[in-house]
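There are two complexes below, and they share subunit A, which is joined by subunit B in the first and by subunit C in the second.
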Partner chain A sequence: MSGWRLLVPALLLLLVVFVAPVGMLVPTSLRSYVPLVGITGGVTARNYVRLLTDSYYLEIIGRTLALGLGVTCATLIIGYPVAFFLARTRSRWRNWLTILVVFPLMLNLVVRTFGWIALLAQNGLVNQALQALGVVDGPVKLLFNFAGLMIGLTHIFLPFMVLVLIGAIQNIPRDVEDAARVLGASWGSAFLRVTLPLSAPGILSGSILVFVLTISALVTPRLLGGPTYQVMSTLIYDEFLQRLNWPAGSAQSLLLTAMVLVLIYLSGRLARRTGAAA
Partner chain B sequence: MTAARLRTWLLRAWVALVFGFLMLPVVVIALASFSRTSYLTVPPKGLTLRWFAAVLADPEYVHAIVFSVLLALGATIGSLTAGVAASFALIRRRVAGGPAVAAFLNAPLVFPGVVVGVALLQFYALLHMNGTFVGLALAHMVITVPYVVRAVTASLQGADPELEHAARVLGASGPVAFFTVTLPLIRPGVAAGALFSFIVSFDNVPVSIFLLGAGQMTLPVKIFTAIEYGVDPSIAAISTMLIVLTGLGLAVAERWLGFHRFV
Partner chain C sequence: MSGAAPALAVRRLRKSFGTVVAVDGVSLDAAPGEFLALLGPSGCGKSTLLRMVAGLVEPDGGEVVLAGEDITRIAVHQRNLGLVFQSYALFPHMTVFENVAFGLRRRSVPPPELGPRVERMLELVRLGPLGARHPRELSGGQQQRVALARALVTEPRVLLLDEPLSNLDALLREEMRVELKRLQERLGTTMIFVTHDQAEALILSDRVVVMEAGRVEQIGRPEEVYRRPATAFVARFLGRANFLAGTLAEIGSAAVVALDGGELSVVALPRPGLERGQPVHAVIRQEAIRLGPAAEAGRPNQFAATVVFHAFAGQAHHYVVQLGDGRELEIAAPGSAPPLARGVRTRVEWSPEDVILLPVPGTPHPALSPEGRGL
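What follows is the complex of A and B.
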């Protein structure tokens, strides 16, 4: 069979069940919704104007981006040493340790988030520990706010960052680092001036991946943030299932999609400019 | 070389801490599921298996488990068929524009799941496909195909095309050569892709939650809504079962396939 005929099922699936439905959000986003009446005819940019000017929406958009940035930095700082260790260790347990990083990734997302509810609640384990250690006097609020979402999302997306970085660090020939050491560089400057720059493509693609996944996440922000502490995806969820305002929800969906696509496009350009294959 | 040894130990300590952080919620859930109390508490007070019995006796949970397994099987069979064919075209046939096609097939990996969910909610409403099993399975195929393509293309790149040529020269037809020579060679990749596909479908919430019809319920959506109503140890019990099953599945996959190569 020719190559294109073999591609037909997969391409047809994506065009019909992915591209067409997402494309059909565009006309919906240009309609207006009247409570108790429904979606009315006529074309309007109102949904976009409100989304980009109303302070309620701007706060949610800002919070979503702040979470994306925060989680990306946290997973990078926490994950880099782990990836470095797993990429360089000669331990015979290495493959099993890698699987241990994969395990949380394969475990049901709702289950993992549920664990954090138990940990972060008012009388949860984290608060018990903090009070027992005398760090705080009363319970600290760790659910339904930025801190809770940061902790939960960092945990959820850390494995992605580690796995991408392992691949990048493994691709760096050890000789390059050894050469720097032989030529008199200290371990620190060899790391900062050789290893770290050479792992930049991995840092870039890992960061973009985690950022994109964080701003798209629904389950964890919903369960740890509740119905009041909203991010973009929980806003879309409520717009479609609670308020039934599909036009506004479509506009929000397309804005989120645009943010993701722009980020991926920019990272691709950045990777090409620096001559690194991300 | 004391500085080097100090570095090594600091690195190991950091790695141990991070692994502890990764496993923390898992351990907490497992412990909480054995508590005798009707509220969630860690460490557990007393020891009981009654929450496990409660979950397995609850027809809603049993129905959700069966439905999720059937849906994941359907999506996996579908995405394996489409994904293996596409991978073969991309690697062996070297179709024009291959890299662009591969990028397109991978797009759902980074696309917001919630957007796919709401887009299909509207699309299926127009087609009167809301609440159909086929509609749900097709939606799950969109998000599982990329995993199959990734694992299978990796396997195909490592398999020698000359073996298939040899079979063709010796008179085997194209399909016979594929099914008797190439497919056995790439079996680890196909198995890894199938496992990924099953797990991704079985775990999905953002797409399923918008598309489930009356009388339909998947396990993760059931747990998700149960948590929104209030947490209790039966949620910890079903979670513990998933933890054990996932752990066993992954251990088997690592032993048989060297699963770490495909992530």
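What follows is the complex of A and C.
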């Protein structure tokens, strides 16, 4: 019982900085906003109805989820081999390589994002290289669209995925893989049947982390997406600070929060299911 | 080895890690159905040797020959060997049944045959009803048996065991020793067993390979390596013994060692290859020394002694006695004998055939030539 008391500071902090502000959004989200007048009295579900029926909002919600899924898959596919190498190598360069993976995290986010703008622009380095190599005829649009956001966010969140996966892969005993090999499994078969299933907890937590970070990222989508290519976080930002429509912004914030909570709940259940088997 | 072709032969196998030589030109044979123990202290290269045979470590040189076929360059998963790990290395995400079935599935054994084979193997290691459990729901001994079943179900040509019993507590370890030995006799599988536990090696194996610093010190039957150790290392590693330094004063029908200090001499059976005047160690096992008044006076190796230490250890009394010239001997007397108190003056005696004569390192000795190592 006394163990629970250790949680008190963290629970209090959570109450003050998360539960209370989110709770305060609930009444606001049920008001309506009249331009030039402001927030009016009365309770209405209008904000939610519009958010879930208007094709403009639905497209942004869908785009946000697709981006989350896309960035998660991309960081997983790029990050797993890197993490596997770093977890298993006995090279003396290992620590330096790990630092190299984490290094982007030490640079300012805005600086990194402007770097990507310079690279991805119409006459940026990437387009120049592609045209010089004859891969494409004209410049490819890589900014202010899905591709640009995918590239930028994948780069930014890759270190998180790699770090989580390194821990998970290091926890798999080498003997277990060796046992599979001695029992007649080729390298690929041993990987698919033993290593990969045993790194599932790491894949799950890395994926949740990257997904949640992606759908709530603001700076990168704003800079790489421009003022018109919106995701949920930039929409909420504009709603509150540009259009001053706090009720609509509150409804959108609550929807984003609900999406994250549902995801965490589902992944928790999945982890228990696979955890029961692992 | 003569007779049948060896089930497994290792020829001049070498492996270094950086500047450390782990295995230094080891050669040995295992006859079909033989239980061979690789015995040595940790770091002597025995595990590396086993992993090279399994294919998990690539040798720098030498050959691994399985039933006449050179498998040195064959991939791990194509060798059809069994390997039991010290950590058991069970697949934690699979049931006991699936763990055991893993090797059969890799060999595409059809389901109607696979089920019964797994069940039979689980019966054999007395895990019949536990097939649906996961490894973490089993005790250490049960996990060990799953590891054995998993390695044996594919009917490997040779089963390799890397310290399989050292993670078990003492009682269970002795139980598993018996079980392992009976399993081996029943299946007739050739087994190569790595251990640092000399008692385990002596009890289980048909032959013991004693290793030190990447080299083979001696290969022989358990009685051989225990009673006639080829080197001081083997004598020290297998059981406790008293080392008495001296010079070979006489060699003929009996060998007489004049002990350093000049007062006492020890009579031993002659051993070929030793010369008069050569510095030697007369090695006497603790349990070979009889303590108490002499039954028959006038026999060799009888000395007056004073008890300076006594401790009771169940099956044995441990004594330290002091001889007339001040040197001390360690003695293990049967636990059933009445104890002698500290300070008691008595006699010690041992027979010449219990004296092991070893040349002092640095002097030539037949045991250091390849024939003497039993290769």
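The criterion applied here is as follows: the second predicted complex is superposed on the first by the 259 of 278 C-alpha atoms of A that agree within 3 Å, B and C clash if a C-alpha of one lies under 4 Å from a C-alpha of the other, contacts with A are read in each partner's own complex, and residues count from 1 in each chain.
Here is the rule we go by: a residue touches a chain if its C-beta (ideal position, glycine included) is under 8 Å from a C-beta of that chain, and two chains touch if they have at least 3 such contacts.
If you're wondering where the values come from, they're calculated on a predicted model, not measured in any experiment.
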Considering only touches as defined above, state whether A:197 meets subunit B (first), subunit C (second), both or neither.
-> second
Among the partners subunit B and subunit C, which is in contact with a greater number of residues of subunit A?
-> B
Tell me which partner A:39 touches in the superposition: subunit B (first), subunit C (second), both or neither.
-> neither
Applying the touch criterion given at the start, work out whether A:249 contacts subunit B, subunit C, both or neither, answering first, second, both or neither.
-> first
Kindly classify A:52 by the partners it touches after superposition: subunit B alone (first), subunit C alone (second), both, or neither?
-> neither
Is A:77 touching the first partner subunit B, the second partner subunit C, both, or neither of them?
-> neither
Between subunit B (first) and subunit C (second), which, if any, makes contact with A:178: first, second, both or neither?
-> second
May I ask you to decide whether A:136 touches subunit B, subunit C, both, or neither, giving the answer as first, second, both or neither?
-> neither
First (subunit B), second (subunit C), both or neither touched by A:100 = first
Considering each complex separately, which residues of subunit A are in contact with subunit B in the first and with subunit C in the second?
-> 187
Going by the contact rule at the top, pick out the subunit A residues touching subunit B in the complex.
-> 1-4, 6-7, 9-11, 13-14, 17-18, 20-22, 24-25, 28, 78-79, 81-82, 84-86, 95-119, 124-125, 155, 158-159, 163, 187, 209, 212-213, 215-216, 218-219, 222-223, 233, 236-237, 240-241, 246, 249-250, 253-254, 256-257, 260, 264
Residue ranges of subunit A in contact with subunit C within the complex | 173, 175-176, 178-187, 189-190, 193-194, 197-198, 277-278
Complex contact set, residues of subunit B against subunit A = 3-4, 7, 11-12, 14-15, 18-19, 21-26, 28-29, 32, 40, 42, 81-83, 85-86, 88-90, 92-95, 101, 104-105, 107-108, 110-116, 118-123, 126, 138-139, 141-142, 145, 149, 174, 199, 202-203, 205-206, 209-210, 220, 223-224, 227-228, 231, 235-236, 239, 242-243, 246-247, 249-251, 254, 258-260, 263
Can you check the complex and tell me which residues of subunit C touch subunit A?
-> 54-56, 75-83, 85, 87, 89-93, 102-103, 106-107, 134, 150-151, 154
